[in-house]
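Letters A, B, C, D and E name the chains as they come in the text, with residue numbers starting at 1 for each one.
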Amino acid sequence: MAIAVLRMRDLFAAVMLFAIYSLVSASLFAVLDAGDVALTEAAVGAGISTILMLVALSLAPRHEDQGRGRNLTALVVVLVTGASLVYATWDLPPFGAADNPIHQHVAPYYLQESYDDIGIPNVVASILASYRSIDTLGEVYVIFTAGIGVMMLLGATRRRRRQPVEEPIEGEETE
Amino acid sequence: MKTNGILRVVTRFLIPLIMLFALYIQFHGEYSPGGGFQAGVIFAAAWILFALVFGLDEALAVIPAKAQKVLASVGVMLYSFIGVLGVVLGGRFLDFNPLIPGSPQGAQQAGIILVELGVGITVAAVVMIVYTLFADRLRVVADLTREEID
Amino acid sequence: MSPAMLIVALIVTPLIGALAVGLLGRWPNLRETATLVTAATLFGLATQLIGPVVNRFDVALEVIEILPGLAISFRVEPLGLIFALLASLLWFVTSVYAIGYMRGAKEPRHTSFYVFFAIAISGAMGVATAGNLLTLFIFYEMLTISTWPLVTHKQNDAARAGGRTYLGVLLFTSIGLLLPAIIWTWVAAGTTDFTPGGILFGTLGPTEAAILLTLFVLGIGKAAVMPMHRWLPAAMVAPTPVSALLHAVAVVKAGVFTITKVVIYIFGLDFLANVPLEQWLVYLAGFTVVAASIVALKQVELKRMLAYSTISQLSYIVLAALVLAPFAEIGAAVHIVAHAFGKITLFFCAGAIYVASKKTRLDEIRGIGRRMPWTMVAFTIGAVSMIGVPPTAGFVSKWYIIAGAFQVDNYFTLVVLMLSTGLNAAYFLPIVFRAFFREEDVKPKIDHGEAPWPMVAALTFTAALVILFFAFNGPIVDIESRILEVGR
Amino acid sequence: MSILEWMPFSVLLPLLAAPVCALLPGRVLPWLLAMISVTASAVIMAFVLPEAVQAPMRYFFGDWPPPIGIEYRVDAVNGFIGLLIALMGTVILPWGRVSVNREVPQRQGLFYALFLLSFAGLMGITLTGDAFNVFVFLEISSLSTYVLVAQGRSRAAPLSAFRYLVMGTLGATFYLIGIGLIYIMTGTLNMVDLAERLPAVADSGAVQAAFGFIIVGIGLKLALFPLHRWLPGAYANAPSAVTVFLASTATKVAIYVLLRLVFTVFGLEFVRQMPFAEVFFVLGVIGILFASLWAVEQDNAKRLLAYSSVAQVGYMALAISFVSVAGISAGLVHMFNHALMKAALFMCVCTVIYQVGSPSISAFNGLGRKMPLTMLAFVLAGLSLIGVPLTVGFISKWLLIEAAMDQGNWFAVVVVLIGSLLAVLYIGKIAEAAWLKPTPEGHETIREARPALLLPMWLLVAANFYFGIDTRLTADVARRGAEMLLGVSP
Amino acid sequence: MDWLGHINYWVVIFLMMTGFYTVIARGNMVKIIIGLNIFQTSAFILFISAGKIIGASSPVLEKGVDLYSNPLPHVLILTAIVVGVATTAVGLALAVRVRENYGSIQDDRLTEEEEAEPGL
């Protein structure tokens, strides 16, 4: 799937494939018991990102130029990174076992105590909004940053409509 | 798209449903998957759908760009305000316990609901902002090309 | 004023002078008066230190610790006192001369010239009174940087190129070689204080000490030991008073002064005597003496010839310091003074010739002795001192160096001195001969006499100093011998 | 409220101010709000540092004790860096006002909101004791920085910002993968907790790979050679105020995160097993030499300084590679000092751009006479970069060379010195143009910059000298920090 | 070594590297952003799959269930997804601006133009 995305020269198709990829990921998350994450990925990856990319694409040429066919350096870097990750996985605990270290520390507290602490059944929500709420505050600020960032980048549209070609001024007057 | 009657009818019917779904996710996040973020996205999606079908200007008439900007700020400010409230009432930042003295669970739940509301508002507003700006830009380009053709 | 305050005054006075000159820039006469007053004050202050030093008071001052155990500190010892006296005296003389020169040669930007000159003198005072290597390095760099605007004073292509070489070589040697040498000393000995008898004894093996000494000798680029001498001819693009500053008053003297100090107070004569390769540096210095003289012989421009002569003469001092004999150390110190008097006279004369006749080449000055008798007589005295013939200052220092070489049976040094005396004579005497005993073959374009009177006065005064130093060198030698007394 | 309770507000105040700032109209109010909150942040940090040096200060968010919750944990190292960032922000904002007025005439509320977010993000990264929280605040600061960079007036500004975004996101994702791997191995995200639990699993490929990923991820943020490609474009094309702020803070924070994770989390023993020192040594050396050479080649003063920054990162990498108290304290001191000198230099160059309108070195011709105060400040700050005594640059070089000599590493000594000499070349290039070249046609009317630009610049130049003479704050705190990072009791 | 227990990771790594390649091969800007997204998403899968316990259920507490998957990775990844979409939005906005300034979003073609820029 991903390979298909990157081989696709038609960017529109690439974006569509990417949306499908996101949906597949989302269902994968659901299978892995991560309901919240699945919902988010579906909404974001398949929804928002796709819409944004489509809009962006309509602002740009639809077909990718015939660029450099293969990029050897990039390939080498990728292979090295991949190899080191594969090397890492040899020592990773097996998938899905209940006695993995990740399940032994911190997480049990959340599962056992959060209902007493907070009184709501969705542990993810408890952690998100209370135990690690400063992370979530940060997350909201990231979103907010993106919002005003995009405003800053694309916000001057209405003014521009009247003076369409506005080249940046170079070499301005002196004081 | 604007002329497609069936689509308009279906959309008119769908949008309230989606918004309802968003509200459900927003306030039911404590019991099932979901929360402010997902709710915000879905709410915004409803608005975007509206904009796609009825046009951006119509959509902006419902929630103007200025309001989006204010809402985005209001959301983060709500979240931060709850955090500061914890400090003012004698606890740590984002400490919900002092919100309702004597009932830690209730206080925590109140805190979480308010905080999630802040998240939802900001997310919905930002998604709308981003969509508005991109779509607006799209129109400008379209206008420009039309002028060139003329 | 307490002696410690005197040190502060020595460094601050020229800075105040610089400020005053800067502020008075619009009124030339006031500005130059300010320079002269400052210079005279400075010399007066320096003489106040003679008493305490002769009476063996410890004149020291610690300002601030930059890093733990590493302070900016000052300590006046005999060698530094001589340097301070010399620089302040010659600053005054050079200022008088510069007034004539700058106006006579119609140089631009007088104010910035006097300002940077004063800052450079402040740097020289800091070098003279530094109590440890760090402090010395600070002022050494201050001297380098404040003289760069002077060297590039003309601001044309040649000045830019010369300035680049000047700054390049001096910063390369000081940051690239001297700084690591200082830090190495600090790491090895745990201090950089100048201590009689040295601080490195027992901390470094012989090979390491040899490398460190090489770093010091080459790193102190201002001493212009070959191959680090290129900056000196390059700096000849500057106006003549700047050349005087470089060659006689402060810059090169700061270099050889630093080397002498490092040899005596950081390594210690006894320790150095056991360092292999030390001989090698003696050979290098000896080579510089002879080679620079030969290069000087081939020069066609008077100022460039004098520059190479300086390179050669500086290595006398380095050589003398490295001979490691008590007399030779005294000789090194005395030669700092003797060469300063002689060389400043020669440069003053070269400048006077240039201002009066616009002549810079050796072949142009036939018969000029008749037009400018004062100048050429002074020139002759300077030249004779360079060669080392009595009754001039140059003879005194050479005498001590030769005596030192005999003390330790260093015949290489003797041969070098003989050879270079011959070479010095070979390039100076023809000039004197040409100036006095040849006729002008072409009528000069400008019908000129002597240069403006402040210049003549200055060069006459320094020429007189050359002679007087021969007769009354007692006090200086006395002060100098204190170094060794304390050191042993 | 005790100082402990105030401590997180050095991050939160600018964060809280940002949305307000975004809504404020006009030019004065947003700036004023930004100024107040950044200054408050600096004041808080100034009170925090003395206490944090004594014993780590811990603040539990939501009153949940770590590792259940997230804590801010301030000690000598991050207290020092936090104070540095806050101070730089406080100096740069008043300076930036003038140039922002010209370069970003519209929507300054948003601009200052982004600035505050970027600032708060950096502060948050610095103070937090949670490895994942680092990622979140890293993204706040990065995202806002990308947008800020794109506000530059040149055509390439958005392109440079895009490059920066791609590299920055890659770096953040690498970091995330690294954190994920160690989380999988230990089950915790709190740094101190990680430090306790990692040694048990240290001998595994996963932790080694995590180490590698974290280093590469931060290396991208740090612009460590050869991961520096984004930096020159971003610095050269960003608005002046952003360039100055970035140059003096962003890479410093990245180095801090590196130090914290490498030494506190992974620990000295683990680091000794990995080829960390060797790799950093080699990259540091190559970085110093190549980047300095590139700097010498540049014709654009901003790019020249940007490459010089890459070289200075090389010094820090070199200092860290010694893995000794002397080396790391040299690195920390150099971080502080480099912020002072690079900010001053960028301020001078950007002031010239403001007055003259071009960043090319030929635009500097003869400026020494037209803008003597600016160019004098440039020369003085340049001397500091070269490492002339009485400046902070000298202290950095001294400590660095001392650390190298402690190791008997003569090669490093030589490299540091060559770096200094190359700095002479590239600083000299501009200084020579300014002071020794004639003023070109059409530049007769150029005047000295206004006091609002000169004052902060000279304040920084003065700081360059003050901290070059009085090193009690820098050297002492840095030494404490280094001892703490390496677990050596003083 | 139970390689069956790891095959999951390897699939993730393969995806990750595909995304990574797309990013650094420097082609079209939109594609780079898609690559970034793939890269990030695969990293998310790594986290989530580490949190999974086979036979356990979703971490929403219910009576009678006592084996839950680890909720903490879910929280982290929720945050990370949000960060990802924020980055995508800003990245695309930048791409639009680049396109307006240069008329192209072909990253590899624009390098020289960037370096030639005076950079005010």
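The working rule: a residue touches a chain if its C-beta (ideal position, glycine included) is under 8 Å from a C-beta of that chain, and two chains touch if they have at least 3 such contacts.
Everything quoted here is computed from the prediction, not taken from an experiment.
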Which chains are shared contacts of chain B and chain D? A, E
Could you work out which chain's C-alpha centre is the most distant one from the centre of chain E? C
Based on Cα centres, what is the most central chain? D
From chain B, the most remote chain by mean C-alpha position: C
Per the centroid of Cα atoms for each chain, what is the distance between chain B and chain E, given in Å? 24
Measuring from the mean C-alpha position of chain A to the mean C-alpha position of chain B, what distance in angstrom results? 19
On a C-alpha centroid basis, what's the spacing between chain B and chain C, in Å? 79
If you average the Cα atoms of chain C and of chain D to get two centres, how far apart are those centres in Å? 44
Residue numbers in chain C touching 2 or more other chains? none
Could you pull out the residues of chain E that touch at least 2 other chains? 16, 20, 24, 29, 50, 58, 60, 72-73, 76, 78-79, 82-83, 86-87, 89-90, 92-97, 101, 118, 120
Would you give the residues of chain A that are in contact with at least 2 other chains, written as numbers and ranges? 35-36, 40, 44, 48, 52, 55-56, 59, 85, 89-90, 92, 100, 102-103, 106-107, 110, 121-122, 124, 128, 130, 132-139, 141-146, 148-151, 153-155, 168, 170-172
What are all the chain pairs that meet the touch criterion? A-B, A-D, A-E, B-D, B-E, C-D, D-E
Residue set of chain A touching chain D in the complex reads 84-85, 87-93, 100-107, 109-110, 130-135, 137-139, 141-142, 144-146, 148-149, 151-153, 155-156, 167-175
Taking the complex as given, what residues does chain B use to touch chain D? 69-70, 72-74, 76-77, 80, 83-84, 86-87, 91-97
Once bound in the complex, which stretches of chain E touch chain D? 16, 20, 23-24, 29, 32, 36, 39-40, 43, 46-47, 50, 72-73, 76, 79-80, 83, 86-87, 90-91, 94-95, 97-98, 101-102, 107, 110, 113-115, 117-120
Given the complex with chain E, which residues does chain A contribute to the contact? 2-3, 5-6, 11, 14-15, 18, 21-22, 25, 28-29, 32-37, 40-41, 44-45, 48-49, 52-53, 55-57, 59-61, 64-65, 67-68, 71, 74-75, 77-79, 81-82, 85-86, 89-90, 92, 94-98, 100, 102-103, 106-107, 110-111, 114-115, 121-124, 127-128, 132, 135-136, 138-139, 142-143, 145-146, 149-150, 153-154, 168, 170-172
Within their complex, state which residues of chain A touch chain B. 35-36, 38-40, 43-44, 47-48, 51-52, 55-56, 58-59, 117-122, 124-126, 128-130, 133-134, 136-137, 139-141, 143-144, 146-148, 150-151, 154-155, 157-158, 160-161, 164
